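Multiple structures follow.
Shared chain: chain A. Partners: chain B in the first complex, chain C in the second.
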Partner chain A sequence: MDNTSVMENQAEDSHKTTTGLNSRKLLMWLFLGSDCMFFGSLIATYLVHQGKSLVGPYPVDVFDIPTTSVSTFVLLMSSMSMVLAYSALNRGNLKGFRIWIISTAIMGATFLAFQVFEFRTFVHHDHLTPQVNLFGTTFFTLTGIHGVHVTLGVIWLLSLFFHSFRGGVTPEKSLDVDLAALYWHFVDMVWIIIFTVVYLFGVFRGF
Partner chain B sequence: MTLLALSGIARPVHPTGIWGWITTIDHKRIGVLYGVTAFLMFITGGIEALIIRIQLGGPESNIVSPEVYNQLFTMHATTMIFLGVMPMSAAFFNYLIPLQIGARDVAFPRLNAFSYWTFLSGAIVLKLSWFLGGAPNAGWFGYAPLTGSAYNPGHGVDFWIIGLQILGVASLAAAFNFLTTIINMRAPGMSLMRMPLFTWMTFVTNFLLIFAFPVITVALIELFMDRYFAMNFFVTSAGASPVLWQHLFWIFGHPEVYILILPAMGIVSEILPTFSKKPLFGYPFIVLSGVVIGFMGWMVWSHHMFTVGLGPVANSVFALTTMLIAVPTGVKIFNWLGTMWGGTLEFKTPMLFAVGFVFLFIIGGLSGVMHAIPASDAQQQDTYFIVAHIHYVLFGGAIVAIFGGIYYWFPKVTGKFLDEKIGKLNFWLMFIGMNITFFPMHFLGMDGMPRRVYTYDADMGWNLWNGVSTAGSLLLAFSFLIFIHNVVRSLRKGEVAGNDPWDARTLEWSISSPPPEYNFKEIPHVTGIDQFWIDKKENGKVVSENSVEVDEHSIHLPQPSYWPFICSMGLLIAGYGAVYISSTVGIIVTAAGFMVTMFAVYAWSFEPVNDPENSY
Partner chain C sequence: MTTDSKMNETIDSVHHSHPSPGKYFKVAITLVIITAIEVGVFYIEDLKWGIIPVLLILSGVKFGLVAMFYMHLKYDSKLFSSLFFGGVGLAGCVCIALMALFKYFL
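What follows is the complex of A and B.
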């Protein structure tokens, strides 16, 4: 990996700030810190109400761990292609950047397709709706809001992809991609927590 | 650029008049917008309070119906907290932070404009409820399930939910911006421990904001889901926890209390040294206790829930943490006293307000410690004793300090003094009026008068103190009329203030009043706390700025932009639609609003900070 160009970019961007950190990047980190509290509150709500549903269906009745594992794997891989896209851009390889960024977006969209499929199965096949019990309420809200985050991320990635054809994405402006990448990795990480807490604990602890 | 061309809107170049204000990204003008809007909102909240006081002035009166009364007290509190005190603090953040840290603007000027317009949108949505079927009526903390659709079918609560969500977006955007500004835009040499106290308290406040607001956002989303999609978050018959809302709300709500008071403490920490002609006593202790308050503010939320029945262990823990948080507050008060001790005190109007703050805040703090004891709190819960307490800390604390701040910095903002004589009259009327209004509430509470009752029986023994309190509230209202008179009069023919009218200490006083658009011709170099004082007294530089020869055209400022305004207006439309989201029209309006916002976000991100040939 050629890190020198990255370093130069950052030096270029940040020579005016007090800490030497780029202000946009700092803002992104602050936003992500804030978003931690956001998802933390949603997950806490889920946990508080875990096992409190008065009627079924319950997590053990609906979750299909193998299928969700596949979509989780796809989302995890999209983080890797995001890293590859950023690194390609920093090496000046615009073609590589386009390939990897569109792969990331496609994998994100695949994850969303899985989620739509899963939601439809739950509602139509398992009769788990957001209204039927507390599990449905907390599950659909938590995972649905995460899905909205992924959707916004996919739109952001696609915007970068198309913008690159108009010369808007260059190694000098790799920070634009870096910010999207930070967001994307964060959304992935939140999913890992949701997958563990909601899906795995839900099935293996038998709530 | 294509998108800009598509929209047919060219970049504003030196807009004037109303367009100048709509497109402005100058932190000083945005600060003025925040201040004026917040003051207008404060007046509406004050009128709501006056109607409440007039209704309660005598027993069994019928000036407003119980339904309207519920709406009045809910809107009064929501207005004062979210549309009054918070944005007034934001006005000070906006105007002062770049000046105090020696910067030309905030880190993200357009985001700053967006924060203001979004705040205005949220305020409009919230206030619209009065005209569209009734205001929210479940109290400012909106306890679910009382706010659920089963018990509260009207749209009032919907306006409250959506309004607060939009205000949350505004506060969060502003908080990210100020944190980045304070971390990254300080003048060379201004280390953290050389920052002015007001900047420090702003720093802590905005950290509280970014971590507290997501929690209320989630609580409001859940309530929204319950109301519109018949979900079960707060439906106890479906097994939901009946105290979940209370926990979520107060995990936000208690840090919120410090969000309201820390900026006020910052203001007072600026005024006291100036009029004592002494440096702030124990600077690192005041800074540190502010930071400690910031951390401990997260550990005390359940003291709002002592009577819920969380059990003796939880109650004891929260009683202890609550008493502990009084320690850093006490440290601050002793340091303020230490600042005045032995100083050459000069009781100009801002100083009166600052000393008034210390006095009134101590009273509020003492009653606060009283309800930190769960057994004692069980007697005080939901009585006027609580109402007395919060008004001593939020009126006697936050509002008095903010008005001190207005008197203090008005000459910097406008170049003119507020009249000193009227100012003193203003202070004494407010101080006396405030005590006559709120002190009797301690007695009423002790006599068992519950809060939020629209009237009371004549033989309850509450007539006298309610009458006194109402009389006091009229005096208080009069003091604000005096204030408005003073502002209008001083803007017209106020005495001209120089750059440094109070012989003050921090960097904002080193530049002209009002400051030029670019603030500092030359970015100052900072060698210690109170840099301007050092320059004046040790380096013998009377006015550092005007003597500097710098070509004004060589200073590049970010340019005005339409997009923040359009982006916020999209949110206003979407918010209005979201109230009626269960109808098709509501969905269409919401979608249209979000499309406007999305479009503006794109146009904004493709618009360079400066003109194209000068791109970043």
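What follows is the complex of A and C.
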């Protein structure tokens, strides 16, 4: 990339605003704030219907905590590799960026594979579907929407990975990666709450 | 100081004050340890209802660590923190309001 195009990209990323902050980043934070409310309402809907199913299966019958702990671990590690990808890019290490971002995408896909495996087990082995009871409806809605978020994140990460081979990802344009990283960490944070509130509390006999 | 130089200073500080990869590894190890504690605590039957605040605090710590270090809120503009934690606060209010509406606490 020549100096002129680098300067153009810098100018694009550091345009003038009254706050001195980048508008795209501000918009991303606004989106994440509003998405918090979206997931908040879904989690609350799950909680208010908890224990109100008239027929089984119930959370204690279907949840496999060790398996879900492993998928949680994978998602936490993907957050670390995402931040390392961003860090590598900022240091001008494009090869490092590619290694870490593809690792993140693979770990995200692994998490999704765990979720597909879990859903298949619930449906075929435990006969839990969204139509069976309130637990099924609220559980599949909440975790399914989270899964859609992860899927979009994986597509975004893969697009950045392939874009980097065409010169589209550079240290000067690291904001593009920063925005994807913010989204990815948010998806991880939502899972931290879901794992505790849905899975761990779900199997706890007090509920 | 002109507006332009102020703006550049802000952007520079945002881009150059992030933690080192070593710090990111330490945060990752902390997150894994907390998750292991969560799962361990879950199997301690003697805790009974005490398990709820313990798990909530542990997941809150994980949430905070990801927000502060991985999302760089500790190093970024306070406006980003306000926007995000404002959303988190409103989400909490939505949860409590909905649960109260459905007599969850009774």
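Keep in mind that, in the parts below, the second predicted complex is superposed on the first by the 189 of 207 C-alpha atoms of A that agree within 3 Å, B and C clash if a C-alpha of one lies under 4 Å from a C-alpha of the other, contacts with A are read in each partner's own complex, and residues count from 1 in each chain.
Heads up, the rule we're going with is that contacts are C-beta pairs under 8 Å (C-beta built on N, C-alpha and C of every residue); 3 or more make two chains touch, one makes a residue touch a chain.
Being a predicted model, the structure only gives us computed values, none of them experimental.
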Partner chain in contact with A:S34 - chain B first, chain C second, else both or neither: both
Partner chain(s) touched by A:T45 [first = chain B, second = chain C, both, neither]: both
Which superposed partner A:D188 touches (first chain B, second chain C, both, neither): second
Partner chain in contact with A:T19 - chain B first, chain C second, else both or neither: both
Which of chain B and chain C A:S53 touches, first, second, both or neither: first
Chain B or chain C, by number of chain A residues touched: C
Which of chain B and chain C A:T141 touches, first, second, both or neither: first
Overlapping contact positions on chain A, where the chain C interface meets the chain B interface: 17, 19, 21, 26, 30, 33-35, 37, 40-41, 45, 48
In the complex, chain C residues that touch chain A: 3-4, 6-8, 10-11, 14-15, 18, 20-21, 24-25, 27-28, 31-32, 35, 38-39, 42, 48-49, 51-52, 55-56, 58-59, 62-63, 66-67, 69-71, 77, 79-80, 83-84, 86-88, 90-92, 94-95, 98-99, 101-102, 104
Parts of chain A lying in touch with chain B, wherever the complex brings them together: 17-19, 21, 23, 26-27, 30-31, 33-35, 37-38, 40-42, 45, 48-49, 52-54, 130-131, 133-134, 136-138, 141, 145, 159, 166, 168
Complex contact set, residues of chain A against chain C: 13-14, 16-17, 19-22, 25-26, 29-30, 32-37, 39-41, 43-45, 47-48, 65-66, 69, 72-73, 76-77, 79-80, 82-84, 87, 90, 174, 181-182, 185-186, 188-189, 192-193, 195-197, 200-201, 203-204, 206
Of all residues in chain B, those that touch chain A in their complex: 2, 107-108, 172, 175-177, 179-180, 183-186, 190, 210-215, 217-219, 221-222, 225, 229-233, 238-241, 244, 248, 251, 602, 606
